[in-house]
Each structure stands twice: as structure tokens, then as C-alpha cells.
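See below for the structure under consideration.
The chains carry the letters A, B, C and D, assigned in the order they are written, with residues numbered from 1 in each.
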């Protein structure tokens, strides 16, 4: 009895591997009104950019079979406001370290954000999102080109002592190539996957349903793709992986960890059921016991043996 | 707050329109114009539906079959469970109302105005009501508003009941100093243009979380970006930006 | 009244756009015992290779949210047997032209298959599957490299007068690049998408569930990804597209055509419900009418306008 | 053929084991050992389950809660509908049987042997039966086989009922000239090794179409590749290749 569900990420020990994913938990405030979010392993804040952004026009949301599309387009108040207001205020309802998700349209913007966050005690990990469909570097998204990915990694690493996790895009021919490039450039860990590029059409209007035409697919539909990518990347790198994409149950958490994730993030499922992370954390020890797991850390990557 | 409601009844009350009575906790629902977000088996996202009335042990919603989700809802029956996140949105602020409020609803924009009317009456400000529909088959709740004691005018696009035309064609007949309105975007814009008083407008947007966390439903207003699920769905005339 | 649901593909007129997808309909025989399959627009036969293949060990099938993984691995009796036995026998239950799906492990094998089929009257289109995860050309799957894709296209075009449709993989960074390469190399049309590479783990065994470890994801879960790719490719090429990936209703057919497909294929859905194609064909005129469509051909790519 | 069955009952008969009686068309089910493929709301693939018995107006299946699909099945109740593709697989060929057939079932390999026993009895070849389970809690249908007049021995791994051990530990007590067996792969292999007579073995495999079209369930046999859904699930001893 007494399953150990704690995990660790680059020196940071988490009570459990459950982390709400960036963009699906805001800055935690709305959820903190529903339950004490200090039970979470950590959470990843909404992707922040150097400058404030409105994001894309609406509709930004569409439903798909076992999933959803979003084209929020990185709406955020900009890193300065996030650093001074949001993160400062967060202490009132969350007393653990958070993951700061940052994005940019140029290397300089990533660097600006990382620098700004470097001195903030509260931040455990900086998660560098190079996989948002809107972010471009020389015509190709940073996340779809190994050289650009490495470049961002190096630049960000140079300006902060915080552990840096690069968040990878699944919209690539070979995700291990990008993963290895990031590892070689000094990344402390990897987060994968971001959303798959998808689309829906409004049959009555005969137009793309989302104002942005395309959007990012997430939710249970993408789970097998995410799992495959975590499995492949685990074989290609030595740095820890935060696995995500479609997780919506304690069994999914265990499956993702067996594929190679040291911790997991949960996105779309928190939008469908705001209590899902709490429920999963409560369920994890039982599910582990059923599968004769006494320490969750033992199963990381176990499917490879 | 997530509540597991029990369905008491699910009644076909007009063309494609159903009234569903639910039993369960309503403590988080403080204002008219708020909504609940309903989970449906086999659908990933929840469906936002306005609170039409609060009853002794639950609430009433009215919905229209628009797509697969609402079609599925129409197949549910008494005794079935319904999981919903409840007490969402700001709702109407009746304190800001003048003394002669006019409520203007179009289609499934009508339901939230019913609880609003009751709340206004409770503070001594019995509203007048305009209900707009496509045709007579689609009309619902006319008698319910009348039973509250509201002067109620129905408009239908084809003239098959009441005033022929749009809700705005009925506005001139009323003496009012404030409006509350809910309905399709084109109607809201027309009401905005054809009325001059202060007022509150309830908007629709596609939502994911509906609790203000995902930024799925943001709109620009003169008072900054607002999340229609949390800072809305009701906006005041002076803050609205039409895009 | 009287919606025209016929479509045409490279000179071939189909009564309707509904085509069971390769690998999900065998050679039609099993389905012909359930209903008269002559109501179909056409169907695509199981992928055929030069040599007979057993395929992968079992388990070959796994379930996923709104979808499935398969790792059949191109089990087939080889092109010679298919040409002499299966296609000959097919005339007893199918009197329309079929689509012959071929695969290969080298250019020579593709060419061998195409040559063999060139003279068979019954075959309306040769569908060249360069996207099966098992098929490699110089270390990279033909379907993930524009040059290899073009090379296969040219080689096959050279040996047959039949219309050639190249079947593309979704597991690429930029599908339009491959599509354009195939068009420039002479392809008459494109089929997309093949399956997305995915995986599941057996929690009790702590091993990949499929014997082949990874498998191809298909079914409704992938519909938004398929739709996006058809939409993108439609803008990049002028040749017709057979759209597929997750289609399971008449509304899906219309959505895929609005994105740019001239006809559609239906795979996983036929495995779940063997009558689905019949049901969709019956439903199509009603669904079209509801959306004020009088001629299905009018909506091909209409979402782009 | 797809049949919409109506559930008449869904009864818990042993640990994690349910017996479900269905009413609906069974004309396509010609042999014992055939199966139906059941659609469940919220699950993409159907679940293959053996026919346990044919009744006047339908059939009986017995299933074990193994994962989410069978757990969901256990929540269904009388009156609910069940969509199934029916009459799948070759089933047992009783013409090939000797005069003293022995049926060996393990766990949820037991159900198809029940209809088989009835069919054998109908042609005057009353079989002997060995039913293997983990423990006494899991035992089902012992009395049913006895009621048919079959000599029936139960084995349990922990010895809590009948012979302690595996089905193969009970085989030596019988005089038989043919076997029919269904159960988990390890049991089938053990039966194959510990018996010498001709016989038929029913296998399980993960399936997609279950009608022979997708090649999802192929196995190698001495008579070529076979689709377990169409050319199986029953194979004869002489064609089996163990991998």
C-alpha cells in the first residue's frame, strides 16, 4: 500500500505528475475558485509573448470527434504584465512552482521573455513554445526546423538559469530530429506534443468554421499520436519529457509515462471537465495499485525494455 | 460547480424547440442571463444553454435543435441525468435598469429574458416584452410572459403571428427607458442601431471552458478584451464594439 | 428535387463520390454478401505488392478514442494472384471500374505492379500508395520525401495509360510540397490521407499493444487533420483529390468535398459498420438538399472562395 | 447482417461475469462457436462475443468485464438496444467429431461450448465437459452443463472448487476420442500438448471488421493464412501453427 506518485523534473520534485497544460488553465485563478489547486504537481501558464496580443478573431473554437480545435492565437497581456501582475497575484492561491510557457515571433522575443522570468522565484521551469502555428522564423515555424529549434534553445539557455523545456510540434515528418537538435543545444527537457493542425468547415456557410481557417487539434483524438511521439523521442534523447496530448484519465497518465514521460500535462480535458486534474490525482494511486505499480517513477519508459 | 441534474421533463413546445425541467442544485446561479454548460455523451465540448427559470428544486432551460448536440438532447427523457457546469457568466444587472425596461428577445434568445422579467417584476419594474420569431410555428413563451403581467408583442418574419417583420419593427410602439436584449448577432446589431436608450446585450460565442480560462470566446470591447463566458455574455451598450 | 450526386475523376464518371478505402474493403467480396456493392461510386482494393506478403504479426488492431490503429502491414497475395484470380473473380459481384491500390519497397516493384495492371479493363484508376509506414526508399519513406515521391510517380506514369493517383502520407511537415512534386511528375490525381502514425501501450503487459509497436491511426479522430490537408493541397495543385480520413457520414462527405475533394474514400467507418457506405449513399441526396446543394460537383472546393 | 437486439436481462452470474439474454434475429447463426460483434456507445470498435445459446426468440451471451467496453456492457439493462453484426465465424464442425467428444473450456472460453454441447447431444454424442476457472467465485454454468446430462468436472487454480489446477489436470480422468476447446491462448497450447486426439480449437484475436475484409486478425496455419474472424475462430488441430 501507499503508492509513491511523486516525480521529478530537472531537480524539481512534484507531488504528482499531473500538470494542467498551457492555454487550458489560464493563470490558475478560475480553477482555484473550484478547488484547491495546490494539489496539482504544477501547472503551465497561458503562453506569454513579449508584447500583449489579442489573438485571432472568433470563432476560435470548434468541436471534432473526441477532440477540439482551437485558434486562440496566443491571446495574452504580454510578459511585463504577466510578470508584475499575474505571477505576483498567483501566490494568493498557488504556493508551488509554476511552469512559465513563453512564445515569440523572433529569437529576440523569446530571449526577452526568458530574461524577464529568470529572477522570478515562483517559476520552476520555462517552457519554450516553438510550436504554435502562428509563430514563424524565416518562413518556417521554429518548431518544424531543427536548426531554428536549436537556435532558440541556445539563445534562451544563455539568458536564464531556470530549466528550459522546449515544446515541440507534432506537425513534422520526424520529431526525433527536432528533439535531438534541442537536446544538443542545451535543453533541459522537452514538452510534447502541441496541437495537430486541423480544420472544420461550416456546412451552411460553406466557409472554414474558424475565423483563422485552421486550428490546433487536441483532446483524446490525438492521444495515440502523442504517445507514439513521446515513445520515439524517449529513445532519441536522454533529457526528461513532459508528455501531453489527449490525456483524460489516470490510465492515460500511466500509459504516457510508460511511453517515456516523466510527467504529463492535461489540456483539452480540463476544458471539458474543470475538475479532471483533481479526479485524476485522486485516482492515480488506485490505478497504479491495480497495475502493481508501487512507485510511479519506476514506469517511466518501461514500455521500451 | 458541476451539478448532476435529473431531468424531470423534456417537452417539445414549438418547432424544433424543447423545454427541459431539471432538478438539482442552483445555488451558483445568482442572476438572470447566466447559463449552464451541459455535457452530452459522445460530444467532446459542452453546450452552453441559458437559464430560463429557477424553480423550487432546480431550473428550466429551453433549447432549439441546431446541430447534433441539441438533437441528442431532444432524445433524453425524464429520469436521465445531465451533467452541467452551472452559474456561468455575468448575467443581466437589473440594478442598472431604468423604470420602464423593454425586453427584446429573438428565437432562443428569449429564454433568459423570462427569468429576467421575473426578477424585474420582483423589484417593481414590470418590463414590456418583444419576442421575435421566424413564423408562428416557432413561437413559444408568449403566454408565459403575459401571465407575468408583461405587455408582450410577438413579431414573425412571415407575419403568421403578431407584427410582421423583425423585433425592431415593434420597438416604436413602446415607451421604454432601458433595454435588455438577447438573440442572434444580426438582431442585436439591429436593436443597437434602432434603439437609443442604455441597455444590456447578451451575446453568443463558441466556447470551450466557459469559465474564463481558455480565451476561446474573447471579444474586443471599449473597456478592453472580454471573455464572453466570464465577463459576458451580457455587455452594456457603451462598451460594445461591432466587428 | 433530384440532386445530382455523380462526380468524375480523370474522365471516369462515378454515380456518386463514395468509395470504400483500400485495406478496409478487401476485394469487395465480403461486402457483396451483405448488399449489392454496385451502388458504390467505386472501391479501392487492398494494397497489392509485387510479392505475396503475410504482413505483420498480430495483434494488428488497437482501439483509440473515435478511431483505431492498424498495423496489418500490407498482407496480400501478390500482384500476379490479384490480377489473375481476384480481379477476374470480382466481375461476378462488381460491374464497375475499381481502383487498384499498389505498394512497393522499390521503384521497380511499383513499376512491376503498374505494368501488370495496365491492360486490365476493369481498373479505372491506379492508386499508388507511397505512404505505408513499412515502405522505404533510401531510408526515408517515399511518401515523406518530395523527390522520391516524384520519382515513383514518373516511373509508374511511364508504364501505364491508366490514370495514376498518388496516395500521400499525413506524417509530413508540409504535405503540399509532396503534392506539388507528384503533380509536376505527372500524377493524374492525389489520394489523401493515409493513416497517421500512432501507438498504444498494453498497461498490464507494459509493452506496445501492437506487435509492430506503432500502427496507423484512422477513423473520425483524424477527420479534422485530413480535412485541413485536403484544403491545403487543393490550393496547391490543379489535379483532382480523393479525400479521406475519418469520414463516417454524409455530412462528412460534403465537408470533405467543400474542402476540395472530388470524391471521397471511407475506411475505418466501413469496419465499424459494414453498411456505412450504403447508408451514406442513400443519405447524401437528402443531406445535400438540406444544404441547398443541387449538384454535388458544385461544392468541390467551395470553402476556398 | 446487422441486428438490433433488445436486451431481456443482464445478470451478474459470477465474479466479473455477466449473462445477457437478447431478443432478435438469429437466422445467420448456424453453428455453435460462432460469434456476434457488438457496437457500444462511445467505443469505436465492436466487441466480439461468442454465442452461448440460441433461444426461442434470440440468444444468450456471457461476457467478462475485462476493460472499458465490457464494463460499459455490464451497465446496460433490460429494454436497452444492442446493435450487433451477427453469425460471424466458422464455428465448430460437429460432423468431424468422434463418438466420445470432450469439451474443454477456460473462463470466458466456456460459453460457446454450451451451445456446442446441445448440438452434440442432438446428434447423440453427449460430450464430457471440463470447465477451468481461477477460483470458485468465477465458476459459472457448471449446473447448466450437468442439466444437459454431461459429465462435468470443474478445475480451479486455487483448488477452491473441484480439481485443483488447470483443465489439463482433469483430462486424464476422461475417456474421449475427440476434443473441442476454447479458452485463453496458454490454455489452448497446454490442451494441444496434453491431448492426442483430433480436435478443434477456438482462438481469440483483436478484430476490426470481423467479416474477413481487413486482415486484422490473420494467423499462419499449415493450410495457409487464415482470418480468425472468417476462416476461424475455430481451427483444427492439424492446421495449427503455434508462434
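Observations, loosely collected:
One rule holds in what follows: a residue touches a chain if its C-beta (ideal position, glycine included) is under 8 Å from a C-beta of that chain, and two chains touch if they have at least 3 such contacts.
All of these numbers come straight from a predicted model, not from anything done at the bench.
Computed centre separation for the pair chain B/chain D is 56 angstrom, with centres defined by C-alpha atoms. Centroids of chain C and chain D (each the mean of its C-alpha atoms) stand 36 Å apart. Centroids built from CA atoms put chain D at 46 Å from chain A. A straight line joining the Cα centres of chain B and chain C is 46 Å long.
Contacts with at least two other chains are made by residues 62, 64-67, 219-220 of chain C. Chain B has no residue in contact with two or more other chains.
Judged by the touch criterion defined above, the protein chains form a single closed ring in which each chain touches exactly two others. Per the contact rule defined earlier, chains pair up in contact as A-B, A-C, B-D, C-D. Residues of chain D touching chain C in their complex: 1-2, 39, 43-46, 85, 205-209, 211-220, 225, 230, 243.
Chain A meets chain C in the complex at residues 62, 64-67, 69, 144, 171-173, 196-201, 203-204, 206-208, 213-214, 217, 219-225, 227-228, 231, 246, 251, 254-255, 258-259, 291, 299, 302-303, 305. The residues of chain D lying in touch with chain B in their complex are 41-42. On the side of chain A, the complex with chain B involves touching residues 23-26, 30-31, 34, 46, 54-55, 57-68, 70, 72, 75, 219-220, 268, 270-275.
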